[in-house]
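Chain naming follows the written order as A, B, C, D, E and F, and within any one chain the residues start at number 1.
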Amino acid sequence: MRTAFFPGTFDPVTLGHVDVVRRAAALFDKLIVAVAVNTSKEPMFSLEKRVEMLKRTCSGIANAEVISFEGLLVDAIEKYGVVTVVRGLRAISDFEYEFQMAMMNREINAKFETVFLMPSPQYSFVSSRMIKEIVSLGGDVSPFVPGIVMDEMGARR
Amino acid sequence: MRTAFFPGTFDPVTLGHVDVVRRAAALFDKLIVAVAVNTSKEPMFSLEKRVEMLKRTCSGIANAEVISFEGLLVDAIEKYGVVTVVRGLRAISDFEYEFQMAMMNREINAKFETVFLMPSPQYSFVSSRMIKEIVSLGGDVSPFVPGIVMDEMGARR
Amino acid sequence: MRTAFFPGTFDPVTLGHVDVVRRAAALFDKLIVAVAVNTSKEPMFSLEKRVEMLKRTCSGIANAEVISFEGLLVDAIEKYGVVTVVRGLRAISDFEYEFQMAMMNREINAKFETVFLMPSPQYSFVSSRMIKEIVSLGGDVSPFVPGIVMDEMGARR
Amino acid sequence: MRTAFFPGTFDPVTLGHVDVVRRAAALFDKLIVAVAVNTSKEPMFSLEKRVEMLKRTCSGIANAEVISFEGLLVDAIEKYGVVTVVRGLRAISDFEYEFQMAMMNREINAKFETVFLMPSPQYSFVSSRMIKEIVSLGGDVSPFVPGIVMDEMGARR
Amino acid sequence: MRTAFFPGTFDPVTLGHVDVVRRAAALFDKLIVAVAVNTSKEPMFSLEKRVEMLKRTCSGIANAEVISFEGLLVDAIEKYGVVTVVRGLRAISDFEYEFQMAMMNREINAKFETVFLMPSPQYSFVSSRMIKEIVSLGGDVSPFVPGIVMDEMGARR
Amino acid sequence: MRTAFFPGTFDPVTLGHVDVVRRAAALFDKLIVAVAVNTSKEPMFSLEKRVEMLKRTCSGIANAEVISFEGLLVDAIEKYGVVTVVRGLRAISDFEYEFQMAMMNREINAKFETVFLMPSPQYSFVSSRMIKEIVSLGGDVSPFVPGIVMDEMGARR
């Protein structure tokens, strides 16, 4: 059985993330969607809430499992017997950062592999960071996030 | 009448900005130069001061109007009946960020259009962020900013 | 009256081109779509055919005019009293080439201005060159080109 | 069973290609290495020779199969029941071209998926095109290609 | 005598930095390795410690001298009679930032020259920032830094 | 004595090339400007003419020597006892190609070093290829090339 690992902060989960989850789940026997502790000072949602929202968002994808995740990626891939890490690739600046991270991880653990998937064009420009900016200015982000995220934001007010 | 909108923090306004204002004003009936609230903790100049300096800098460009601006860009373009947002394009990293922002804005409001202009080569490397770095180290930024900015900085000491 | 100029080989015209024509025509009083002589040895369509197809494709856009075009861009903008050249911006490699060309043209004629527009995401990856590759391998390019191009290709067989 | 598809001209196969084959074969049940007809006028090796060299190079990788391949990629993935195309990612310019091709293919066939793998850093700069340049100038390419390619080139002289 | 200047925060010094020092020292009569005050709030090592570690790391390179450095780069090159600044070039995002900085410095002082060197591929993905991230998560960075850095980190615990 | 090597086809030499020659000559004891045989089918100027024009253009730079050059760069640097190859860096696409070439050369000969210099912003967009395009369309390239190139082109007609 081949397990892939899709790490991220998912703060919040976007339709671009969901697109990558769906694509990656079709390529491997199991996909672990791993929500990382957000080290930034002001996360939009708590770790627990982010895990919960992802679980509900991915509930229809049978071989996807959502976990929370702390520490080094190289340790996690050992623990879960992962064959590859999965990353969505949006843009040039992404590519550079992802490449650096993947290479350093591979140097630490030669078994470390990363595959990059492309989201659909309509999601290729969606980023959690910009969603947070739009929300902070009172804008509507419903075209970019699953309904469950909209519900949670509504419940807060 | 076609109105274009050039948003930015302009903290401080640079000769590169002025170059873009001049070029954009020649292409549209009216150009609104819109100074955004700077969300970073330590702006170099207050919003009022930035508006004032831009007004004096652009006083010779008849169809340019300087305003201050808060909230979502998509709301502003509705309010002012704007046909397009204008952005200067300096470098690759610019391009990626601008592209993402423009695409997300267009998704929120299909009428949202962005045109990119190129500043003259001698200004293609000038950025407000670097100007702040140089000033913080006691350096001379007179080759990069209008005289009015130099005057304001001198008045502060 | 402000006239913009959208030059290209349009061999063949794509839905991405049409998207840019529509967006640019909304920003200026008049848009000249200028079909350049294709210097490559094996054009897919003759200059006349390309002009004809573009004319029919753009017939619903009142302020767009299709012409054929030879020689230097800087001469054409003088001749037609153009305020700016318009280019669609797809990708990084595009950006570099376009930037170089625009800068050299501006050096030759200081009045030379270029604005870059972004096509819709669903067209952001469409290129005439790839369409030619797909056609040469017997593939279906109907998702990428106007119906008139499909008709012309069918008529040839 | 999940089958992946690694297309290329492999003219000649490089150690970078071999690195990608090895990595991809570990992620899927079967990897089809598909040698495309080289449309350039002067291939270094014939299609048959390229297939033969790849077969010998990959003989130690049990689940890799080498075939020759003509026509559209989207047709090949249907024919072979492929879940994803595999591509090595070397550099920015690669990324742009690969992205465009993958997106157009996905538009033609929604099932079309592409994953990008990173070769080891020591192979990240190796390209078949530069190998051909070096060979044409009488240089030694043994650090970049499998021994079998060196043998073939020696036999020619 | 020609002196080159290699500025950085070196927090911590990496094997990539050492590789660049070695390469640059071979090209000029003297190489000044200049440790800048780290303006970020939480440096990993103090300025003194960073200078000390670099001195020990570079002790075998006869014409390299390690100093600490404050203020503007353009002032330092005057003070030390430097013919050129040296920078390692890792990636696209580096390139953009470095280009901007070099151009603005040259505008301030026309004598300002920058040459870019490429580190070996195995170090091309190593960055101080990522090393700090890995250390903060309890990871092993010994493949990326000189032994002296590992010793210092061990002594801290 | 340290010798640097600036290879190129220089077809034709541009003011950007001259800018790089001037900058590089100030950094090394000797600069060899090496005109490569142009492998493209239709060179603008013969190898002899290109060498002659470069010699006249560089006659005021005491430590620059112009030669013609055939074969592998790695062989040339051995023959002339070169410490480093010099390249001008204009843009992203340049960077990628240059990086690949430099890395492959270094793999062939570990002594192979390359330094990249930045031309002045006003020349950062000038390329020989675009100059040829402009000339073929009857345009004026006098802002981009030395007077000697203009003279030669005039003499031809």
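FYI, a residue touches a chain if its C-beta (ideal position, glycine included) is under 8 Å from a C-beta of that chain, and two chains touch if they have at least 3 such contacts.
Since the model is a prediction, treat every value here as computed from it, not as a measurement.
Peer 1: According to the touch definition, list the chains common to the neighbour sets of chain A and chain C.
Peer 2: Joint contacts, listed by label: B, D.
Peer 1: Looking at B-E and D-E, which pair shares more C-beta contacts?
Peer 2: Of the two interfaces, B-E and D-E, more C-beta pairs touch across B-E.
Peer 1: Go ahead and note the Å separation of the Cα centroids belonging to chain A and chain D.
Peer 2: The computed centroid separation for chain A versus chain D comes out at 30 Å.
Peer 1: Quick check: how many Å separate the C-alpha centres of chain B and chain F?
Peer 2: 38
Peer 1: Measure off the straight-line distance from the CA centroid of chain D to the CA centroid of chain F, and report it in whole Å.
Peer 2: 34
Peer 1: Just give me the whole-number Å value for how far the CA centre of chain B lies from that of chain D.
Peer 2: 47
Peer 1: Residue numbers in chain C touching 2 or more other chains?
Peer 2: 92-93, 99, 103, 121-122, 124-125
Peer 1: For this structure, enumerate the chain pairs that meet the touch criterion.
Peer 2: Every touching chain pair, ordered by label, is A-B, A-C, A-D, A-E, B-C, B-E, B-F, C-D, C-F, D-E, D-F, E-F.
Peer 1: Any idea which chain E residues touch chain A in the complex?
Peer 2: Spelled out, the residues of chain E in touch with chain A are 90-93, 124-127, 130, 134, 137-140, 143-144.
Peer 1: Help me check something: in the complex, which residues belonging to chain D touch chain A?
Peer 2: 2, 23, 26-28, 83-84, 89, 92, 95, 99, 102-103, 106, 113-118, 120-121
Peer 1: Applying the document's contact rule, which stretches of chain B touch chain A when the two form their complex?
Peer 2: 71-72, 74-75, 92-93, 96-97, 99-101, 103-104, 107-108
Peer 1: Write out the stretch or stretches of chain E touching chain D in their complex.
Peer 2: Listed in rising order, the residues of chain E that touch chain D are 92, 121-122, 124-125.
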